[in-house]
Amino acid sequence: MIYITRRERFNAAHRLFRPEYSDKKNREVFGKCSNPNWHGHNYQLFVTVKGEVDPDTGFLINLKTLSKIIRDKVISKVDHKNINLEVDFMKGRLASTENLAITIWHELEEPVNKLNASLYCVKVTESENNYVEYFGDK
Amino acid sequence: MIYITRRERFNAAHRLFRPEYSDKKNREVFGKCSNPNWHGHNYQLFVTVKGEVDPDTGFLINLKTLSKIIRDKVISKVDHKNINLEVDFMKGRLASTENLAITIWHELEEPVNKLNASLYCVKVTESENNYVEYFGDK
Amino acid sequence: MIYITRRERFNAAHRLFRPEYSDKKNREVFGKCSNPNWHGHNYQLFVTVKGEVDPDTGFLINLKTLSKIIRDKVISKVDHKNINLEVDFMKGRLASTENLAITIWHELEEPVNKLNASLYCVKVTESENNYVEYFGDK
Amino acid sequence: MIYITRRERFNAAHRLFRPEYSDKKNREVFGKCSNPNWHGHNYQLFVTVKGEVDPDTGFLINLKTLSKIIRDKVISKVDHKNINLEVDFMKGRLASTENLAITIWHELEEPVNKLNASLYCVKVTESENNYVEYFGDK
Amino acid sequence: MIYITRRERFNAAHRLFRPEYSDKKNREVFGKCSNPNWHGHNYQLFVTVKGEVDPDTGFLINLKTLSKIIRDKVISKVDHKNINLEVDFMKGRLASTENLAITIWHELEEPVNKLNASLYCVKVTESENNYVEYFGDK
Amino acid sequence: MIYITRRERFNAAHRLFRPEYSDKKNREVFGKCSNPNWHGHNYQLFVTVKGEVDPDTGFLINLKTLSKIIRDKVISKVDHKNINLEVDFMKGRLASTENLAITIWHELEEPVNKLNASLYCVKVTESENNYVEYFGDK
């Protein structure tokens, strides 16, 4: 069993808030992250896949294939977008890094697992001081 | 003459567009950076100051003082903000990294030059692949 | 189950030695790290917490709360300090990175576990080439 | 149980190809990585070891000893070398990052396990966007 | 006057040697970098351009245009290549980082200067410990 | 004219204070950096040298020679040392990053200038947020 990780990046706007809360309550719970005019980040996404090395190629998985899946299923939907308004897989969810990691996992799980591999970890880095990791419903 | 640099960081939303252009023309000129729903970045700001070392302190300038000036004049105005909508010193300007570097220079020039130092360079990093430097009107 | 990590930093002096050893023996066992006049590092501390996402906030834990705990319990005690002489939770212990990770775990375990989360990992980076991870008494 | 990681670096040339494939087929399977004239990388190697802290030293393991083992068994054989042509432990294997991680594990397992520690993970970083981790035959 | 920098990356093999020297003399002058079987690096290329901000776009230069020039004129010729054998602009030259920086400058000077800008600096990073900068024949 | 930069690193303890000041006054002027029990840093030193490329080697300067000079003249004197107590070229000076950059320049100027090159810049990084550059008495 071997683990391979691919990094992709996206730049997006977001806001943390609950629509049923007042502006004041959103500010109390979410601080400056609740700014109604949005703010944004350079997110880094690390996708780790595990499986056996294919003796024909020496690869667990062709990284171009993995990169293409991540770009098609995730990056094309979030890069230079507003996470709250434009990302189908985040509709109706709080735009937290935790929820991003979980929903990105669900976007990637099926297409990755069709390959000779299984999805192991989705890690989302929001700043140099914070990151979230999700390993599936385990 | 010695040069000292302080890094501060801010996370902000922005959009590149001209209001008099159609959406189509904005998309042609500014690409995905023109998204009307905004996107955002983790910006890094490097402020370089030059001058003589003070023999009493061994400092060119107390970095706490420099950091406080940068935070008061710049970071408090841009961090977790929308650069197009909320930043006074960017009002009426295209929200490009070039214009950010130039306007931040003008915010900092007077308060820095009151100290035993002069402002030398403002560098703004928008992503790991791009940055802008401004050295004043020279 | 989701994992979130917060990085904090501290700069400290330390020395590796056993008081009952001669200077010569300390030099043999600990090399230049035994210098009686101290040396120091920019340490990085990564604290990983695990738990369930709170559906009200989209957070596992408010990172400001986690950051405040780390600063109160650890950073305020070690930053710009001498680890051997001034850090209560390191008294009587060899000032190795391993012992730092273990004692920081014990400082953080109770206050973190009072939150909707449990402490998962304490990682201490001493240089760009070395780091230690502790996952508790497992 | 505690985990300590040491980073070492090496610069090497390699090529991904199967000798029984035509140049065209190698190009289809391995892309530009199959260039017959080679290409190369700045590899980073992270070796993680686990065990108990020695109460006499406060160390899991002396990092100089670990570093020496990694340099003797791995770095001296791969640094400024051609992985396909010159590295004994990679002879007859596809020069993929996956195979590098696995063979480096086997080079290190015995000498590390003679110490008061056991080898836990070998991580090889090929670029800022890709890395492989191997935890042994588990 | 403002300065903007774009980073691009390439992975290549090379060797430092003079064909008229014996293997022994090459080893004396160039050390392990003279290995006849090649070695390689993850190079980083930073291209800095200077000029006036265009009031219509807020840009000094469209970074997509700059990136395309760098990719067409440089990256496509060196990425996953052997610098000694395959790079037209390095033919007949020692494959040192210094010569890379100088020849890349000459590849970029004309196409960059056709834009509303002039080439200011070419920086090539060979490892985390070494880099070369060239500012033209000044 | 070309510029080449070599990075070396050192870990050291220091303290900012004036012996003729009271502890209270030192605390006012230098803050927590005046801690009488010392603190420390992982310093990075970047030495930039300029000159002409030697047509025989393709080098401005052999980086092994430059590295050896930096190690002999600087790193061996400051690494794992107390800057205030043990570093001859800092005796009688405030242990600020500014003074480190200036005194390191004077240590390196003569041996570098004996080579086919001249010293251009000494840069000292104290943390990820601060650095000092010195270009000589210009």
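Going by the order they are written in, the chains are A, B, C, D, E and F; count residues from 1 in each one.
Just so we're on the same page, a contact is a pair of C-beta atoms (placed from the backbone, for glycine too) under 8 Å apart; a residue touches a chain by one contact, two chains touch by 3 or more.
On a predicted model such as this, the values are computed, not experimentally measured, just so you know.
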item	value
Common touching chains of chain E and chain C	D, F
Repeat of interface B-E, chosen from D-E, A-D or C-F - more than half of residue-number contact pairs shared	A-D
Same vs different contact residues, chain A with chain D, by half of numbers used	different
Chain whose average C-alpha position is farthest from chain F's own	A
Centre-of-Cα separation between chain D and chain C, whole angstrom	29
Inter-centroid spacing, chain C versus chain B (mean Cα positions, whole Å)	34
Chain C: positions in contact with at least two other chains	128
All pairs of touching chains, each written as two labels joined by a dash	A-B, A-C, A-D, B-E, B-F, C-D, C-F, D-E, E-F
Of chain A, residues touching chain D in the complex	1-8, 48, 53, 56-60, 63-64
Footprint of chain B on chain A - complex, ascending	9, 11-14, 32-33, 35, 37-42, 79-82, 85-86, 127-128
Chain B residues within the chain E interface of the complex	16, 18, 29-31, 93-99, 101-102, 128-135, 138
